């Protein structure tokens, strides 16, 4: 974490940290400064609003927000800023995250939340999407994103050979 | 509507009025004072918070909140008061209200929203539930509620004879 | 548990106790008297009806009802009283509680059940909602609720610092 | 309708009659006596229980119960009789009857409700299933059911030729 | 198991036995003769049809059928008999049995399957429903069913006291 | 329609014809012979089995099967042939075809049904998939399929210009 | 529409235009240049890939993509650019857009699609989110967004008085 | 695996191998040559398209594609070939594969994906369906498929006796 952060990672409960750390890891890998805060739309609403205003005035450009169940936190943040807000629905409930997905994505006309996949894939992608947004004004970040994309393609190709070898073992051939 | 209202009916959009008017109608029938306001968790967040504080200090005891899609309004109201908050999920989206139901009912630990059925039945029941809550401190309201309940039982009995007559016509007997 | 209870906690099966104890714990923390009973809408219907009538005449003001699957118990209780009935859908089935949620919340016009989240969060919130209802006629309880709310906000703030420390460890920084 | 009915058709609201009349029509076609009653699990619970006891003592052998939303009526009837209870989930809500289906079918251990398809197909099949049950003790009814089944097979075969003709017209060939 | 069985318990795979044994246990407890067969609608269709015809001619009066995923077995059995067919949707798939429930219950007009809850509760209730059907022609079985029902009510009452004791321990009071 | 058909189009009810005619139209456009039959897995099971055996011996190579609700027809056909069976779930029920989709696609191990989209898109694609299968042994059909694919790409490109013009009108520019 | 567009609006079919025009309208209102294209992930895949590369090299910074059913277009676009891709799930199918929502939002790790609400609200919000992203490098656009937000808050306040007047008429008071 | 493969098995991630190996096993058992590749619609899109073209020109006749979450891979493959494409939705996400099922099966008009059950049963059936397709031009393969089908029927019959023995042990009889 660093001062003068470009990205703020928020979550409704400290128990969401393990998943949301994947967003932080992705930002770190792309050399983007961020800060992280636990704050609740429901249990600490004043703190949430004050934090969002403060963050924006300190230079935060993108908010990444993870929340579960009736996941209102991303929407509440989006109501208090016109910076892009990225929502990561978390899967903690017995409904597998269908509740947090719908609570995050189905925002009414006027206040968007850029919603990603439920859980870990969504958290990783939140880091990447934040970078893609910041890259609009940062040419070298565009290059780091392109390079990361090529790296992923190479990993896929490499895993293919591994899979064929493993299949031989699985089928006893 | 009247001053010194005991109940506040809130909705996220004026297009929700037709359904939410059923709550008002039920309160009026039970002789309970109420006020009604359109305010959005997302498009007018400051106004929402100010309204809730003001209403509580003017003597509102129960909030009835209708909202659709990612229905955050009831949760936002509940975050700013410890009065009971009743949520009515509205069915406007293409998902038939499953989104607003989950966004309203799946509140995390600490901040309850008393959720009722999607749409019109929920709005009617919101008026009745508000009355049941206020009746804890109002014996004559308890009697009006009991009387309303007996009336409903009589209506059911009366409709049974009608249905038998109608069946004869339907089956041509 | 105590005589002259203000709240009755009901559940359809003794196996629901572990979750429903969270409602009891919340009531105990807010110094509200309650009683607890296992009774089934389907396997012991007469006992259920007799219990509800008796409880109301002994001074119970709010019913908290937990049930799973085709969760009819809250609705059956609500049919026999005009006190507020709070429903907690339980997640025991293979559908993750979608069945108990819909069976509890989708009550027809005339007989509301104040429905909360599926499972543990719903049970905790049932205790809080019961307190919010009783607080309409109990000023000191309002204060205890406000104090509980402030306490929650402080816990959120405290957990934020912890999360930042934990993140450092997770990312090896 | 006739005295000494073998089957009772129940529904929670007179507005359910149009669908539930299909069960009556099927019973009439199979020459089975029935009676029909509107009664609500929630709005007229005492009347419901009294009706079920009375019907069983008058000789009713099978109950057919249609209800929508949080459809508790079939379960409440089943709690007060050990006659077979057939449930027809009705599709009136914005969820297309998923609520009434789960509320009817997911009965806990000990008290079954024989659940059929949502809406009109379920109501027709309720008449047939009631006949199949009564046919355990009525050899001539078994023959009427077998004959009805052969008739259906013939109707299918006949409709096939019609469909081929219609296809020619649709495709302009 | 016994010759001259009144009930046939069918399942699509031997892996369904553990759940379907609950139906057998219930029938045994009510002193009803049954037979059990594994047969598949898809992998052994001829065997299935032959078995159903044979069973009916040997005196089977009710079929209990458990199946998972696209659960067609109950429908296929129902297509080849006019005896009552009871369907138990099994939860083996990743969708928690929503697939087998809809495949079993949503039968088209003309061929009912009496569907019960997904999984174990459904299997137990299948035994009880079969008994309720056979009891139309067996007065002593009616008495055994009534007695079983009273027993269940007593078990509920007994568990209530246990739950209160356990709560004391849980809350450390 | 023609003798010596390569493809058989089956449906459970003549009311499914309008949707299933899209499969016929696609086959006709690709110059593939087909036959069409209405037959029910449940109401005319013997006829269904006899038809499938007969069709296979007459030279049918692929079955296209449309059915709604608990859509068993495709599975029943697949149980009686080792030709490829293509399933089209139909949307007639109040659940929008979720029931027919799951009943068609979730076939257990051993007997596949090649399932396509719910409703009209699925019926059109059934004609194309049948052609893709037959094209394994028919080089000129491969060319017709490739040509059809190029045609679709050109239609998309053409529609783009139209859409831009229409947008100008919509936005008044 | 204009040359040197900053935003590209894509859709899988010209029939999606009416909904996607709302994104265009929002961009126009915020004075942002855009272009619009119909192209299909499945029917014109080469054209789609070529278009995306060309658009990016011409200066497009954000893609807005609407698609229905198995909505792959946004994902395919995202696979060929590291610009932010905004997905709007369209509700055309019988499942109300649950299919297009899940197909758009549940992107695997590495390639995010910023998903918004199903249908019209999502299309409007896509225009706003694209503006929020471009505003990272455009201070005057930030001001237009803030001004648009204030305007929305004022519209909500104005509609509240209207709703109260309408309620008076609805309830005959 | 072998050169001159008739079938290509593709998957989006090496972690899908364990499930997709069941398709390979089935093909091996039916003596059909296949090849296997890991490639991603999103992370390695160019490689995917090149692979599909190459495979088709080397003589691959059928593609089997497994993917999870927003499962686009089968659709992308289908967009680049007119060979039959078989889709296997994988259940890895918190939604139990409902997302991958809908993303695979709900293909728009023009480009079919032959979709099978979620997970292992679907992978096994993919091998069988590929064989059924290839058997259109291979009489001896038809015989191997018929023989495999008879074998399955015999296994079902054999398992029935086992189940009866096991039941005796389960019920202590």
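For the reader, a short list of remarks on this structure follows.
We call the chains A, B, C, D, E, F, G and H, going by the order they appear; numbering starts again at 1 in every chain.
Rule of thumb we're sticking to: contacts are C-beta pairs under 8 Å (C-beta built on N, C-alpha and C of every residue); 3 or more make two chains touch, one makes a residue touch a chain.
Owing to the predicted nature of the structure, the values given are computational and were not obtained by experimental measurement.
The pair A-B is the one among B-C, C-E or A-B whose contacts match those of E-F for more than half of the residue pairs. Per-chain Cα centroids separate subunit B from subunit G by 33 Å. Shared interface positions of subunit F, defined as residues touching 2 or more other chains, are 13, 40, 43, 69-70, 93, 95-96, 98, 105-108, 110-111, 113, 117-118, 121, 149, 152.
Touching pairs of chains, sorted by label, consist of A-B, A-C, A-G, A-H, B-C, B-D, B-G, C-D, C-E, D-E, D-F, E-F, E-H, F-G, F-H, G-H.
Subunit A makes touch with subunit G in their complex at residues 61-62, 82-84, 86, 101, 105-118, 120-121, 124-126, 128-129, 132-137, 142, 145-146, 149, 152.
In the complex of the two chains, the subunit G residues touching subunit H come out as 12-13, 40-43, 45, 49, 68-70, 72, 75-76, 78-80, 93, 95, 98-100, 102-108, 110-111, 113.
Residues of subunit F that touch subunit D in their complex: 1, 11, 13-14, 17-18, 21, 24-25, 28, 36-40, 43-44, 46-47, 69-70, 93-96.
Touching subunit G in their complex are the following residues of subunit F: 91, 96-98, 117-119, 121, 149, 152-153, 155-157, 159-160, 162-164, 166-168, 170-171, 173.
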